[in-house]
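Below are two complexes that have chain A in common, paired first with chain B and then with chain C.
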Partner chain A sequence: MPKPTNITFFSINMKNVLQWNPPEGLHGIELTYTVQYFIYGQKKWLSKSECRQINRTYCDLSTETSDYEHQYYAKVKAIWEANCSEWAETERFYPLLETQIGPPEVALAASEKSISIVLTAPEKWKRNPEDPTVSMQQIYSSLNYNISVYNTKSKRMWSQFVTNHTLVLSWLEPNTLYCVTVESFVPGLPGHTQPSQQCVSTLKDQTSTLKVK
Partner chain B sequence: EFHFGPCHVEGVALLELWKAFGAMKDIVVTQDKIMSVRLLKQEVFQNVSDAESCYLAHELLKFYLHTVFKDYYHKVVEFKIMKSFSTLANNLFVIMSKLQPRQENETVSIRESAHRRFLLFWSAFKQLNTEAALTKAFGEVDILLTWMGKFYRH
Partner chain C sequence: GLKTLHLGSCVVTINLQEIQHGFSEIRDSVQAKDDNINIRILRSTESLQDTKASEKCCLLHHLLSFYLNRVFNNYQTTDHPTLRKLSSLANSFLIIKKDLQLCHAHMTCQCEEEAIAKYNRILSHFEELEPQAATVKALGELDILLRWMEES
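On to the complex of A and B.
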């Protein structure tokens, strides 16, 4: 019986989900799967009861892999009636390095000639909603941001590198739509992040409206 | 640049080291069949003080360059990863040579503390046969770079 394929961890903000594809050539057959995981440097494979003989092709191992300084392996096998496949195993998974840092929360407030930007780092995955919130900033203390600003009227774009959470863009054109793209990154880590984009319009120039009256 | 406590190292882009290791990681780590042993355990790096970090970084890098990289080179040729390997090795050599840990008397206790951490790694390395130990140590460069990254300033 062939093994499941493409077994990998999909990880964002430390939510670590193991996913795989069904074995090739067995479409339409009612398969179940069993998952185990291994903490690198420890002694044996461990089971997760919620992922024993399941129909779906994913298993949330966030709780089991929550110590992000550890490294992990996981494996899955397919079962059909009395038959079961060999185990299909992941590469060594390192959450601290491989989790994707989600897009930051971006709050924009515009006046006539300026836009103030307030950034909030995404939250780390948590087991229960009532658990205390941990920011990804607490895990990656040097989390920085690259802010790109696009003037939709002049089609001009410029970027700025920010280490803290607020930035005020000044000397802007009134009554103009600006789009702000924010990408977080950690200097010295090859991580991948997801950018976030928002647009806001500066207010009309009040002085010119007064003259018209 | 790196700030290992009092030791500052400029002119090395950590991202280049990551790219070099990333290009080799899959080939190298899959060679490591001993999942139940981790050489760079968490205890090696737990609560390393800034003052200790220079000594520990220097000792680890010296071992990696003079032992792991030197004796693993035949595998590097076999796997045809010489370019990435030399980028990684040369950059680590630059860091090591710029680290000048002070040797005065008042640093004895800090040096000894850093050396005890190194011995945790080294004793685990010695318990494996040479080939397996070299493969495992090389595969754990991501753990080493992750720790070094904590002392990296953009």
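On to the complex of A and C.
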């Protein structure tokens, strides 16, 4: 019986989900899967009860891999009736180097000719909402942001990298819709996720309205 | 890309990002050759960042020498891109080691008990394994060492 294929960790902000494809050539057959994981340097493979004989092709191992200073392996096998495949195993997974950083929260405030941008770093995945929040900034001191600004009237766009969390865009056109796209970025880490985008309009130029009166 | 390492009174600047990038290109292939996943050489109990500030330089100096003398030049592969990457990593380590030797000359790289004890424990983990397996494992753990340096 062939093994599951393409077994990898998909990780964003340390939410680490193991995913795989069904074995080739067994489409239409009702398979189940069992997952185990291993902490590099420890002694034995461990099971996750919620991922024993499951139908889906993913298993959330965030809790089991939450210590990002450790490295991990995971493996999955396919089961059909009395048959089961060999284990399919991941490469060594190092959350610290392999997680993708999600986009920050973006707050925009506009005046006539400027927009102030306030960024809040994304949060590390946590098991329970009441657990203390850990910012990805605390984990990656070199976290910075790629900000792109698009003037919807002039169709002009410009970008800049920033490390701090507040920025004021000046010398803008009044009464104009600007769209701001922000991506998180840590040198050396894999690509980044979908950026966050928000748009805001600068206010009408008060001086011109006064003249009209 | 430059990173300043604060090792007690010894301060050196290195291009850590370049080294990390270099290793990332061979990491999966090297780690895939490590069959002894139940053994870890660089353990958090011996980490650089949790070492007394005044002894960090000594521990790092020993670790760099270890990698230069017992890992990079003993790693057996016929893959030329990997060999090129290894020599580039070795050169980077040599540069850092020279900087640490300057600290040593200025008496800011003292070796005391903690650094020596930690290094000896790391060595004993390494020597638990058959030489070539140990070399493969140590090279595969370079991402851990680079993380320790990043955290220092």
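By our rule, the second predicted complex is superposed on the first by the 205 of 213 C-alpha atoms of A that agree within 3 Å, B and C clash if a C-alpha of one lies under 4 Å from a C-alpha of the other, contacts with A are read in each partner's own complex, and residues count from 1 in each chain.
In this text, contacts are C-beta pairs under 8 Å (C-beta built on N, C-alpha and C of every residue); 3 or more make two chains touch, one makes a residue touch a chain.
Keep in mind that this is a model prediction, so the values were computed, not measured.
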Partners on chain A (chain B, chain C) - clash or fit: clash
Chain B versus chain C as contact partner of A:Arg56, first or second or both or neither: neither
Which superposed partner A:His27 touches (first chain B, second chain C, both, neither): neither
Which of chain B and chain C A:Arg127 touches, first, second, both or neither: neither
Partner chain in contact with A:Phe38 - chain B first, chain C second, else both or neither: both
Touched partner set for A:Lys155, first chain B, second chain C, both or neither: neither
Chain C versus chain B, contacts on chain A by residue: B
First (chain B), second (chain C), both or neither touched by A:Asn144: first
Those residues of chain A which chain B touches in one complex and chain C touches in the other: 38, 40-44, 69, 71, 73, 91-92, 94, 96-97, 187-188
Chain A-touching residues of chain B, taken from the complex the two chains share: 14-15, 18-19, 22, 26, 29-30, 35-38, 41-42, 139, 142-143, 146, 148-149, 152-154
Complex contact set, residues of chain A against chain C: 38, 40-44, 69, 71, 73, 91-92, 94, 96-97, 187-188
Residues on chain C engaged by chain A in the complex (per definition of touch): 1, 17, 20-21, 24, 28, 31-32, 34, 37-40, 43-44, 140, 143-144, 147
Chain A - residues contacting chain B, complex: 38, 40-44, 69-71, 73, 91-92, 94, 96-97, 142, 144, 186-190
